[in-house]
Amino acid sequence: MEILYNIFLDPFVQMAGAPDLLVQTLWEGLVSGVLYALIALGFVLIFKASGVFNFAQGIMVVFAALTLVGLFEIGVPALLALVLTVGVMYLLAVGVERVMLRPLVNQPDIILFMATFGLTYFLIGLGELVFGGNPKSMITQELYLPTGSVDIEMLGGFVSLQKLDIAAALIASIMVAGLAVFFQKTRIGRALRAVADSHKAALSVGISLNQIWVIVWFTAGVVALTTGIMWGARSDVSFALQIVGLKALPVLILGGFTSVPGAIVGGLIIGIGEKLGEFYWGPLVGGGIESWLAYFIALVFLLFRPQGLFGDKIIERI
Amino acid sequence: MGTPNWGGAGGGAGAIHKGDILLSVENVSLRFGGVKAITDVSFDIRKGEIRAIIGPNGAGKTSMLNVINGFYNPQEGRITFKGATRNRMRPSVAASQGIARTFQNVALFKGMSTLDNIMTGRTLKMHRGFFWQVLRHGPAFREEIEHRKFVEEIIDFLEIEAIRKTPVGRLPYGLQKRVELGRALAMEPELLLLDEPMAGMNLEEKEDMCRFILDVNNQFGTTIALIEHDIGVVMDLSDRIVVLEYGRKIADGVPDEVKNDSKVIDAYLGVAH
Amino acid sequence: MFYREAGQFKTNYADDMAIFPILQDKIGVAVIIAAAFVGVPLLGGSFFINAVMIPFLVFALAAIGLNLLTGYTGLLSLGNAGFMGVGAFACYKLTTVFPQVNIIVWLLVSGFFSAGVGVIFGLPSLRIKGFYLAVTTLAAQFFLQWCFVRIPWLTNHNISGAIEVPTRTLFGIAITGPNAAPEVRYLVVLSVVALLTLVAAHLVHGRVGRMWMAVRDMDIAAELMGIRLLPTKLLAFAVSSFYAGVAGALMVFLYLGSAEPDAFSINLSFLILFMVIIGGLGSLIGSFMGAAFIFILPIVLRYLPQSLGFSVGAATIEHLNYMIIGALIIAFLIVEPHGLARLWQTAKQKLRTWPFPY
């Protein structure tokens, strides 16, 4: 009985008893959810346009952040370093397209998936070789990002919001809105959607696949850089962050591999669900359940909707 | 095992004899959401006959086969096979009751050889359990050899000896269709469903396939239901024909009746308004 | 010219269905087995046996296990390291609770524990397919790793949270623990790996293997042939996890000697997946080749600069290593996406027709 009480009632009693804590937890979940969503967004962009399940997206986040900090450390002014990093991400996109995608066109998905594993290893090695393997701290102030926190008095207590988190949420929203406009309203966006639907048909109307791939990987690289700055400012910049990249997988599962709104909603569900679970149910089993809860949430969703939140119902045809 | 008995379970009490009703479909309707694939269709298939299902594209022919072997479950209606009535079942159960089929777009196991593909058709007939399989030598291997002999007979029959060890993914389309027929025959089915067995074939390949179908039917007494677009082939091969249009049955009878049915002519040639 | 099967006629099905139907292959395999059982222990130094051969065999076994699931049945798994951990911890618990039973028995029995866990995490495969299934196996990976850290009972409440392998003997000779000679441990590992490889070969050449491959290639058609999907997939999960469990137990008991939960991290899962894909999906020989490529290559890279007389920092080598492996994986996939096993077949085909390739 006591176990049942602890699982099914006590957490809710706690939530009702201290609503300010609940709001605080929700906010924390929201912020990490936004960051998961950003990583997932990078995945979705690449998956839509090239059908590649880009395992390296998590590493691209770290690589971008590391490049930025590394450039700053060798004396490049912060804003110039930012511009240079964007340039590096562009070179990366071109390199990936030339060396990896072009020779592997028309190969089965699993092969391309594996190739991005190779890319992951390569980027880890390259990043550590050039900038060293030690964790670095993000140049938050130099990039004019706000620091400190705002305390809001509400619900009989205080909720403390990091200014940085607010900025992260804002920047993420602007970015998603920008991408949506880009996809829907521009010529390149239309070409991207065409490529996503069918490579062959897109080729037949004169869309250059190679050019599209460079654009997409570059966009994903810029998204990765943004994510890297935000996430790096919350913790350190190191390759341990790649484990966070894996969290994008359950997010994708929830939202579907090709849906941008899905990535965002999925990210928020995972982020908030994980924090709530850890805070209210984690102590029952000794804590640390954050490491696997996200996957279980996705698993439970999948059992009821195998096609994801935003996917169409799968009708098998023979 | 002895001589193959491709007609399926002969003998025994209550056995179904040639000319008896083997399968009957009564008032079956199938919908996908709001789309009606099949509406209130009834017909039967008699033991030993070749039954054709024809109709324009989208008439619900493949859906009908999918209903018969349990891949789709109809919302309404009943299906009686060998005297047992059901409205829901798993495809694997249909297989164990003796219904085999081939597919419109070849559905072979692409990574496996011709031999392995046809051997897979014997799965239900093989009974040695997991631990014998681990050992392989002894009973499991003897069983394997017995079934290999059976499969080799099918390979002889279909004249595909030369490709028995070739991965089927590398075979030309016509041969793939033949291997698929072999895989279905390996199940020793009582009812064989063929979904466009001659689609995309040239004349010579079509003639071969017709010969195989007739031989299977004549020599082994296997009941066959087939979908085919080539009306000439259908008229020559089949004993009776069902015609579907927009998911409804519009005609049913021997080839000559169907050929002269005004509704069928309208369905294929269009109606003059 | 040297590798020619012409003239080797089969007069019965048993010969034709042998696992190595060609004479040259039989001789080759016999030579390799003899070299492994006799040559390596006699001639290989203890460093070679300890740091190269033992881990190579252990990883090859784990790769075979994953290959049965991913290569033969088409179910992608990223949780292999978790299942390896289950095997290792099960073996540790069994041998500390029942020390009188021989360790070899426990090494094999521990596989059944991970098989059970594997089946539980395989259940969602009824409804979930493809990349989606990979996430459920990730759930297994992280959940199991969390269990290893959080359940002190598993390590007998060891303060360090690690397991340390006790000394166990066979016929009075120490085969595990700090006193066991590398040659002895090597022979035990080799025997287990050889036995389980044979079992895997039996399975994939028979009815079970055909059912797995049928599910992999076209699950709908398989079901319409009477193959029930869920039991077939669960069997693949069980057998695969069994192999992973035994490999995990071997890794801790006969290679590392002690292990922290970190040893079974997601990185190990990826490493094994690499081995399977580089070696070739759906090929047992490929699993060995993949393990050799992924495991032995870094060792070579590590010692190559020294032997050539360059002095490079250890950290630099480590980073370069990552880059080279990454680049090699990509290059390799471009050259031969079907893995080393396919390359080997192509080479055999060339030998078959040499010197007149037409």
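We call the chains A, B and C, going by the order they appear; numbering starts again at 1 in every chain.
Note that contacts are C-beta pairs under 8 Å (C-beta built on N, C-alpha and C of every residue); 3 or more make two chains touch, one makes a residue touch a chain.
The UniProt protein names, listed by chain, are A, C = Branched-chain amino acid transport system permease protein.
Note that the structure is a prediction, hence the values are computed from the model and not measured.
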item: Most heavily contacting chain pair (counted by C-beta pairs in contact); value: A-C
item: Most centrally placed chain - per-chain CA mean versus overall CA mean; value: C
item: Of all other chains, the one whose Cα centre sits farthest from chain A; value: B
item: Distance from chain B to chain A - Cα centre to Cα centre, in angstrom; value: 49
item: Distance from the mean Cα position of chain C to that of chain B, given in whole angstrom; value: 41
item: CA centroid of chain A to CA centroid of chain C, Å; value: 33
item: Touching two or more other chains - residues of chain C; value: 220-221
item: Residues within chain B bordering two or more other chains; value: 71, 103, 107
item: Overlap residues in chain A, where contacts from two or more other chains coincide; value: 318
item: Residues of chain A defined as touching chain C within the complex; value: 53, 99-100, 103-104, 107-108, 110-111, 114-115, 117-126, 128-129, 133, 243, 246, 249-250, 253, 257, 285-286, 288-289, 291-292, 295-296, 298-299, 302-303, 306, 308, 316, 318
item: Interfacial residue positions of chain B with respect to chain C in the complex; value: 69, 71, 90-92, 94-96, 100-101, 103, 107-112, 116, 119-121, 123-124, 126, 128, 130, 133-136, 140-141, 144-145, 148-149, 152, 183, 187
item: Interface residues, chain C side, partner chain A - complex; value: 76, 124, 127-129, 131-132, 134-136, 138-139, 142-143, 145-146, 149-150, 220-221, 266, 270, 273-274, 277, 281, 315-316, 318-330, 333-334, 337
item: Residues on chain C engaged by chain B in the complex (per definition of touch); value: 13-14, 17, 199, 202-203, 205-208, 210-211, 213-214, 216-218, 220-229, 235, 282
